[in-house]
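Heads up, the next two complexes both have subunit A, just with different partners, subunit B and then subunit C.
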Partner chain A sequence: MADTKIPPAAPVGKREPSEPASRRRTRGRSRATAGSARMAALLVSPTLLVLTIVVLYPTLMALNESLYGTKGLDPETGFISATEPFVGLRNYADIFGEAGERFWNAFWNTTFFTVVTVALETLIGVAMALIMHKAFRGRGLVRAGILIPWAVPTAISGLLWRWIFNSDGIANALIGHQVLWTTEGFHAKVAVIVAEVWKTAPFIGLLVLAGLQVIPKEVYEAARIDGASPARQFWHITLPLVKPALLVAMLFRCMDALRMFDLPYILIGAQKHSVETLSMLAQNEASNVRFGPASAYSVLLFLYVFLVALAFVRLLGADLTGDVGAGGRKRKGSRIPALRRRTEVTT
Partner chain B sequence: MTTLTTKWRSGLLYAGVIAVVAYCLAPFYWMLVSSLRPTTDIFDTSLFPSVVSFDNYRAVFDPAQGFGRALLNSLVVAGITTVLALLLATFTAYAMARLEFRCKRLILTLIIATSMFPVVSIVVPLLKLFTDIGWINTYQAMIVPSMSFALPLAVWNLTTFFRQMPDELEHAAMVDGCTRGQAFRKVIIPLAAPGIFTTAIITFIAAWNEFLIALSMTNKPGMQTAPVAISKFTGATTYETPFGSQMAAGVLVTVPLVVMVLVFQRRIVAGLTAGAAK
Partner chain C sequence: MKTTTTRAFPCVGLLTVGALLLTACGSSDGGGSGQAAGAGTFEGRGPITFVAGKDTTGAIQPMLDRWNKLHPKEKVTFIQLPTDADAQRQQMIQNAETKSDAYTVLSLDVVWTSEFAAHQWIDRLPEQRFPLDKMLKPVVETARYRDGLYAVPASSDGGMLYYRTDLLKKAGITKPPTTWAELKADCAKVKKLPEAQGMSCYAGQFQKYEGLTVNFAEAVNSAGGVITDANGKPDVDTAQAREGLDFLVDSVKDGTIPKEGITYLEEDGRQAFQSGKLVFHRNWPYVYSLAGKSDIKGKYSVAPLPGLNGPGSSSLGGHNLALSSFAKNKATALDFMKFFSSEENTATFLKEASLAPPYASLYDDKALVEQYPYLPVLKESILRAVPRPRVVQYGDVTSAVQREAYAALTGSKSIAQALKDLQEALQKSTGQ
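For the complex of A and B:
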């Protein structure tokens, strides 16, 4: 998203070689793509149509719905209304009033969970990746093991951790004293964070490992000859080179954490003040047929997610689309893919 | 001296490897062990069950729980979602990887952005819409919203797979007289089959694990998917959570995925990391 600027649709078939180097396509491809625009439209439009129906249309519906109140007693006329009254922006304005307490609580819970879990996952994930990268024997076993938390459905992991955090469960047996983890309070937040980090840190580890594996050995050899200590090698070579992979992984984790629902819902329960997230709040309002406020909350969550994603892409330069339209892997250029990508992002 | 430090290092490394594996497997192992304990010593905290019992598994398939039906529902919803997403995504991903057209980057960015979308933002309006048109407790009410995350996921994965295949394949086929459509059907699809298969697994797992949509769109026990049904398992009394049978059901829902993951781990890792590292 950093550079969604489209290169001026070069006349297909005769592309000038004077294009900026970062956008150069592989030569010899142009002929094959002649007249491909119509075919592309044909191939892409079904997907766009489906996404319009299942994403764009509901989003617009939510925007519209957020301007309506709930059925029931009309506060102005005193009549019971059968339809939802139009209230304008009141659902949004209410957030700053008395009803806003629950919203802001959910907002801070969501933010807290996101910041803490993503930070912990990144630390643990990078550590896992470094271990796996160095280990030669048993790598297959580790890789299989690391996929298991990812494969366990979040709902099931919620149940599993509720069992672990049960008052007579293994967690209390291990720490040796009784904590009522799944009751309201800060410990409930801790339980959610532990369960979430368990499930998702291996995912970051996997993505970072993939980033580590494309770093050529020669770079480290050169650094060692120059006398760089392992710590300096990590800080000045490993980290900058895995940064693109790590940023994409963190972006995905953030987006996922911001919409967290299953885990606190199952592990602690619905309508629990200490763990209620924005997704839980919106879902709860909707299931109580209060569609207006529910829609307003979901619109606000959407905006929040959008802003965080934008911040990632703009400030940190996370690049999602990678080499779109740039001829794939075999492009000539820097030998270090990550470096090449970094220069692309900054252009 | 040097051999000693290398020994120390490899020892430390193995300790690290063991720590990673333990971290990943211990909670899962606990689920498995707990599911195999007889109901009477469910609160036992020994590492191995003293008596192995399948009581919990029998309790899961007690007709009153309706778990068999829930598994079937999950299979139908996740299966249809995967097939539809793959069908549409194969064509779109091919265009994204191979054809040049206007706004390609923008379109791909938009499609990927959709996959990061908070699901609740579409569940709320769709819940109202589906209530109005009587779709609550139907498969389509779960499949349609699931497309919102399954389709972008499939497009993204497949685009990366298609991009890794050399252009020369189609060029050769087209030089030999194939049209682009024939080259796609006869050359690309068979060669991309592993990639398509991996994408199918990843999409299926995502759809199988979905909870929020299934929870919101159903209120009849007979239409719930397995994760929702398990979360609503009831014990003999309201105050007693049937942890044993929940763990057993959790194992049953997870084991097919774990087996798939173990069999296809290499490909799944390639698929998952495709987007992040090029």
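For the complex of A and C:
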């Protein structure tokens, strides 16, 4: 690694001559120079290039692909034509037509799963965090126990839960009544939600725990002296102070849940109407060699995720300004620039 | 840091250029490649690859080693794909879409032949090079697309009716049932026995997946109906098909098929049969040896599938060998396909991996029948078998079949409505 350090050192030396020029543009606080700015750009450029290739290029390709239709079969020769016809926006328009029924079903399934699982995970996750935060004997064991589901790969947990929800499985033995969980119907949705919440509530628990740990003890002491009940302490101290961390955790969970694929696919099965999500629909179209519609569905899912993330940052983020405390600043700051700026203003 | 990035730059650049070139090729040479498939010039000798799903039996590599010893200049490399059939298909399609020559000989599931042939991902093969007349006719049919031979059968598979010999004997039944009515009557007799308390009558594979397509097709074919006719035209909204689906739906309703039967995959059904919960069970030959190691050892046997008015028709499983259109060294590839699918080698596969061979004579081989007592029944099953719909858009056809058959089984649609909707969906996806 010795020689690798030499190149960055060389441009640093060139910084001095250009210093006065840049000083005019800086706000005084920073000692950045045009040279180091150029240096920074140079250092960031490999990352940007990689991002362009692995993120931007495929996204643009998908956008382009979504404008093409399915290859047709020539009834004379029995061969599929070699080129895809250009259909413009028809793949998008189709979701409002007859073929859109499957899309909207997947869309509502995705939304339903996201809303229900994130709501349940938030409740359970916060409860888990409160338990993990309490100082008591065997705390380490409880923390490890709570985190195990999060460490299990989703595909494996899908298989585990398929055993549990088997017709002769533990789930049926416990409720003492045979429910065929993996068949079509609302119970299939319930099975997915249970497995998903089991798996990802610890994630929210973990992030909220990080938020709890930076709340200063003095605040609680002061509250106790003022005679505030534990419930009041929770509502007026814990919750507001942990809110930034909690919101970020919920945002991540929402984005994850909107992309849900492997759990319903493995637990319930492919092409099950009652649990088909947008990702599953896009994958199914692609596997049937219909890359145009598959890309269109993926683009729509991308926009949906993007809008939800934007709504989180804009609507809930705006709410944050008054209450931002120390809790969760570290995480939030590194992930969402908009929130970070606000924290800086208030602190 | 620098050294790695500078090295990465050209690589990344190459990748982009490569990707752009690929897309450029994809759009520009459109109609040109159309003629290549039919021409049938198989030239070039040298190393090739054999692409198949993960070999869980361990029988394939020794076979390739033998070929490699005989042909040191035309070595075959084994490329193992995942065990999951969908994943195999996807990787093969990816290879074809990028027109890569990485894959030479492909081991295709029997239902993929039409799709791969229509997309011209595989070459049409010269029929006279392979001993097709020695093979079972329905098996060879799975390798054809529109009169052309696009693959060579390497292995086959057919459904059989597993039944409990001990219980049937006790109930005074001497022969396994050949019709559905007999099956139900036999079952009623068996269930009166004290040993049969709590047992269910029959199960196949009725979860909503490929197995349901197989079982639905068998029911329809066994009642004299078809899903698609000889020309690939959907014709499922018929009285015969209705009787086939009637059998399945009624059996679920009257408890002949247990309630949890609609969640069964192959393995669930096997477990249920082995643990003594089923009198009759439809499954593949692989169950035979596994059941021999379970509680019902020596208490079961196999028979051809029953039908409406006599023995029914099985669907077909198995794999065919096909030649990728974009491969090199096609002369070697043809020789290798002939070697791999030869009577001698398929006999070895039967002995070592219990894969059903495509050759008729092997099913009557005394030594083999001793090892696998089910062979004569399997031969009968395959001879009467009807391949699943041979259509280009098989993925759409099978998902339509699963959707409608499942709706009828669970009672969310009437049988008539399900078949009507299925016919419509099939017409749409086959474009006829």
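Note that the second predicted complex is superposed on the first by the 269 of 347 C-alpha atoms of A that agree within 3 Å, B and C clash if a C-alpha of one lies under 4 Å from a C-alpha of the other, contacts with A are read in each partner's own complex, and residues count from 1 in each chain.
By our rule, a residue touches a chain if its C-beta (ideal position, glycine included) is under 8 Å from a C-beta of that chain, and two chains touch if they have at least 3 such contacts.
If you're wondering where the values come from, they're calculated on a predicted model, not measured in any experiment.
Engineer: Is A:95 in contact with subunit B, with subunit C, with both, or with neither (first, second, both, neither)?
Structural biologist: In the superposition, A:95 touches no partner, neither subunit B nor subunit C.
Engineer: Output check: A:190 vs subunit B and subunit C. Expected answer is one of first, second, both, neither. What do you get?
Structural biologist: After superposing on A, A:190 lies clear of both subunit B and subunit C.
Engineer: Of subunit B and subunit C, which one touches more residues of subunit A?
Structural biologist: So, of the two partners, B touches more residues of subunit A.
Engineer: Kindly classify A:41 by the partners it touches after superposition: subunit B alone (first), subunit C alone (second), both, or neither?
Structural biologist: Only subunit B; A:41 stays clear of subunit C.
Engineer: First (subunit B), second (subunit C), both or neither: which does A:228 touch?
Structural biologist: A:228 sits against neither subunit B nor subunit C.
Engineer: Contact-wise, after the overlay, does A:179 reach subunit B, subunit C, both or neither (first, second, both, neither)?
Structural biologist: After superposition on chain A, A:179 lies in contact with neither partner.
Engineer: Going by the contact rule set out at the top, does A:50 touch subunit B (first), subunit C (second), both, or neither?
Structural biologist: It touches subunit B and subunit C both.
Engineer: A:206 contacts which: subunit B (first), subunit C (second), both, neither?
Structural biologist: first
Engineer: Taking the superposition as given, does A:287 touch the first partner, subunit B, the second, subunit C, both, or neither?
Structural biologist: A:287: touches subunit B and subunit C.
Engineer: Which partner does A:168 contact after superposing on A: first (subunit B), second (subunit C), both, neither?
Structural biologist: In the superposed model, A:168 contacts both subunit B and subunit C.
Engineer: Both subunit B and subunit C touch subunit A; at which residues?
Structural biologist: Shared contact residues on subunit A: 3-4, 6, 46, 50, 53, 61, 166, 168, 287.
Engineer: Provide the residue numbers of subunit A that touch subunit C in the complex, in ascending order.
Structural biologist: Touch residues, subunit A against subunit C: 3-8, 46, 49-50, 53, 57, 61, 71, 73, 75, 77-83, 166-168, 178, 180, 182-184, 269-273, 284, 287-289.
Engineer: Could you pull out which subunit C residues touch subunit A in their complex?
Structural biologist: My answer: residues 1-5, 8-9, 12, 15-16, 19, 23, 27, 29-34, 37, 86, 89-90, 93, 115, 117-120, 145-146, 207-209, 259-260, 262-263, 268, 392-393, 395-396, 399, 402-403, 406, 410, 412, 431.
Engineer: Applying the document's contact rule, which stretches of subunit B touch subunit A when the two form their complex?
Structural biologist: 13-14, 16-17, 19-21, 23-25, 27-28, 30-31, 34, 43, 45, 88-89, 91-92, 94-109, 111-114, 116-129, 144-145, 147-148, 151-152, 155, 160, 163-164, 166-167, 170-171, 174, 180, 205, 208-209, 211-212, 215-216, 227-228, 230-231, 241, 243, 246-247, 250, 253-254, 257-258, 260-262, 265, 268-269, 272-273, 275-278
Engineer: Could you pull out which subunit A residues touch subunit B in their complex?
Structural biologist: For this pair, the touching residues of subunit A are 1, 3-4, 6, 9, 12, 25-26, 28-30, 32-33, 36-37, 39-41, 43-44, 46-48, 50-51, 53-55, 58-59, 61-62, 65, 124, 128, 131-132, 134-135, 138, 140-164, 166, 168-170, 173, 198, 201-203, 205-207, 209-211, 213-214, 244-245, 248-249, 251-252, 255-256, 258-259, 261-262, 265-266, 278-279, 282-283, 285-287, 291, 294-295, 298-299, 301-302, 305, 309, 320-325, 328-330, 337-338, 341.
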